[in-house]
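Okay, handing you the structure first.
Letters A, B, C and D mark the chains in the order given here, with residues in each chain numbered from 1 onward.
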Amino acid sequence: MFSRNVVSSERRSEPSDTARVEAFSDGVMAIAITLLVIEIHLPDTEGGNLLHDLGHLWPSYFAYAASFLTIGVIWLCHHRFFGRIRRMDGLLHVGNLLLLLAVAFLPFPTTVLAHHLEDGGPNARVAVAFYGVVASWQTAAWFVMWMALRRNPDLFEPGYDAEFARLESKQAVIGFVVFDVIAAIGLAVPILALILYLLMILLFGYTSTRSHVFGRELEGSR
Amino acid sequence: MFSRNVVSSERRSEPSDTARVEAFSDGVMAIAITLLVIEIHLPDTEGGNLLHDLGHLWPSYFAYAASFLTIGVIWLCHHRFFGRIRRMDGLLHVGNLLLLLAVAFLPFPTTVLAHHLEDGGPNARVAVAFYGVVASWQTAAWFVMWMALRRNPDLFEPGYDAEFARLESKQAVIGFVVFDVIAAIGLAVPILALILYLLMILLFGYTSTRSHVFGRELEGSR
Amino acid sequence: MFSRNVVSSERRSEPSDTARVEAFSDGVMAIAITLLVIEIHLPDTEGGNLLHDLGHLWPSYFAYAASFLTIGVIWLCHHRFFGRIRRMDGLLHVGNLLLLLAVAFLPFPTTVLAHHLEDGGPNARVAVAFYGVVASWQTAAWFVMWMALRRNPDLFEPGYDAEFARLESKQAVIGFVVFDVIAAIGLAVPILALILYLLMILLFGYTSTRSHVFGRELEGSR
Amino acid sequence: MFSRNVVSSERRSEPSDTARVEAFSDGVMAIAITLLVIEIHLPDTEGGNLLHDLGHLWPSYFAYAASFLTIGVIWLCHHRFFGRIRRMDGLLHVGNLLLLLAVAFLPFPTTVLAHHLEDGGPNARVAVAFYGVVASWQTAAWFVMWMALRRNPDLFEPGYDAEFARLESKQAVIGFVVFDVIAAIGLAVPILALILYLLMILLFGYTSTRSHVFGRELEGSR
């Protein structure tokens, strides 16, 4: 009777058990990525030169593009991650909410970066380092999510196991260290830190979309 | 022919009848949880010390984290609740809209708390009490929702009954009283009220995610 | 071969053809209903009395609650409407986008109402009338949507016909007239107009949720 | 065994593989279209004439309506586009994120247009041209999306091929040129550029909804 119960519950959960988690997460990420534009403010220059003012906003455009790219890539990774998940447990919910916390917070360091990037002084360095530290939070959330899967590999779709989760959780630790090293570099050479940061995000993005086509695909599931 | 009609309509409604309610509610909760960050404003200190300014915003960070946790836990409870619901009726719609009203309003007491937490004076006490009172509204909304199920247990998925709804509606009343007591404590000892509030929310969150793994699960439905 | 094509395309469209329209509309309505709270601003009263300030915001609370109720009821009507629709055509898309335009615009008259309600002078009358006129736009959008169904009853789920759409489109015209009469009353007696407005919205809400339980339900579809 | 794997993975992906992409995109477009209203600010005229002030905001209403129409039409095109797509690959993800970047950015040129439309001077011309240039970005994103389908026609639902994608990608290039020509016209005759812009958007919208009823419909897919 117990196994029948499990079977029927699994059949029922197949289409829907992570569906609402994905829908809620999509909502948070879609809003965070769209709210970024609110922080781009045009100075009120009634008699001024609009073309010059628009050009003068380049730090806002840069911060907007960097955070859009960051959230876009996190969404791609989230999409791939939940393609491998069949069920949720408490710790996985906690990890996912931590990830959403980090994503939803991102518009704030984005604004800080946009406001302080132009003055090359110490505030620009703090702004870049702050941005990098907040970016490292998301890797901590991924670590919690992979730990949930190490502890409970039943949450996986068929084809993945605790060992797979262990390797991914190690990568999350490496990501955490790298982003915080980039933040530290930002205190010394902000421009180098920003370039390294963008390269890291592009690398994550490239990895997450390529694996839809080949690679892990072959290990058993999308 | 009538019963055939009912059967086919129930079969059709199984995957979709609460789906749009959940989607709309997910949207409102996702937006409310993401809008919280808009209220974190950095003081314009062109010549100042950004690191000091960022640290100075701790009441904003605290209020942000508390409200993020609150909405995250409400979402977990909402997710678990609608996993048990098969159909909507008018009163259940009313209760759900009341819950969304309370959730969507939360960014306002969050801002009030963030602005007044630092000055230890009477305004900080009012801000904490106001926050607790608004938090108690959501339990009133849950009460309406459980009352809808007591009145009409047909809305439940199989495995739940009016008695189950009665017990849960009693817990909602207790929650209402507890949050308002916490609000009253906030008028005297704000810091104690905030600690009690966070403990209550964590307790709700722990309960709601554990039962995905064991416990009520065994009573018949997710 | 042509009819086979039609059959297979209808089978395929059954679960999904209005799904994305509903998802997008849910998104717009969820955001509009949640953005309302952004417009509640606390006056900066560092040395003032917070409790008094919070009470002083009653026009904002009233405008917030009225618009939350309005969008909540529109959502209920939208939910019921699309429960009867199987496919979209161009005019139905236009009507739906007009409805979303009216809903997404509502935060603006809400702010105007919140700011001007308290001064009983001519500006309060204009604010109430403006709010009523914007509310009447949504009935114009409903009129377009029902006209699309009169013209093309194939869009309906089985059990509804052009005559049903004609009756509903007449009700939309009546609603348009009533909301604009209420707006005109607002120019003379604002408080009476607000009471009539809320009664109208509650009446719409009551009608839309009751019919989930009995009434039109029996005519053939959910 | 490999082909069995592929078949089962395609069967599994059929209902869901683009579902989350559409949900996330719906979220971004719904938020962008709803955020537009935030930028309509009423001047604080406590003692002034509200009716006059409301009328004075016509550039805001115009910019709001133009951008609402733009995003609404982009959503219709997106809806039609993904009705033809079965799977995602990396380049298609990139193109879709570029489109969302352009959509999510639109509230900024909308605000710029609303603020500068009234002064007929050089700033109005720059504002119109800026708006047109940002509008041209979305056609560049469509170009990337169609190129992904030219390169990998397997992403299509049955009934479409690389030749179809090639024709559509050419139309995207034409659209890019036309929007930038309109932007250039805006530097000389802003009012003419706005009229041409609205006509272009209405043409896109008309095309995208008509084809639900006849035309491409017959080529094989919804």
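The rule we apply is simple: contacts are C-beta pairs under 8 Å (C-beta built on N, C-alpha and C of every residue); 3 or more make two chains touch, one makes a residue touch a chain.
Since the structure is predicted, the reported quantities are computational estimates derived from the model, not experimental observations.
Relative to the C-alpha centre of chain A, the farthest chain centre belongs to C.
Fitting chain C to chain D on Cα positions gives a rotation angle of 90°, stated in steps of 5. Although chain B and chain C carry the same sequence, what matters here is overlap: shared residue numbers make up under half of all numbers found at their interface. Centre-to-centre separation between chain B and chain C, using Cα means, comes to 25 Å.
Chain centres here are Cα averages; for chain B and chain D they lie 35 Å apart.
For chain C, residues touching at least two other chains, in rising order: 23, 26-27, 30-31, 35, 38. Across the complex, chain D is touched by residues 9, 12-13, 17, 20-21, 23-24, 26-28, 30-32, 35, 38, 88-90, 93-94, 97, 100-101, 104-105, 107-108, 111-112, 115-116, 119, 122-123, 126-127, 130 of chain C. Residue ranges on chain A touching chain D, taken from their complex, read 22-23, 26-27, 29-31, 33-38, 40, 42, 44, 46, 48-51, 54, 64-65, 68, 72, 75-76, 79, 82, 206, 209-210, 212-213, 220-222.
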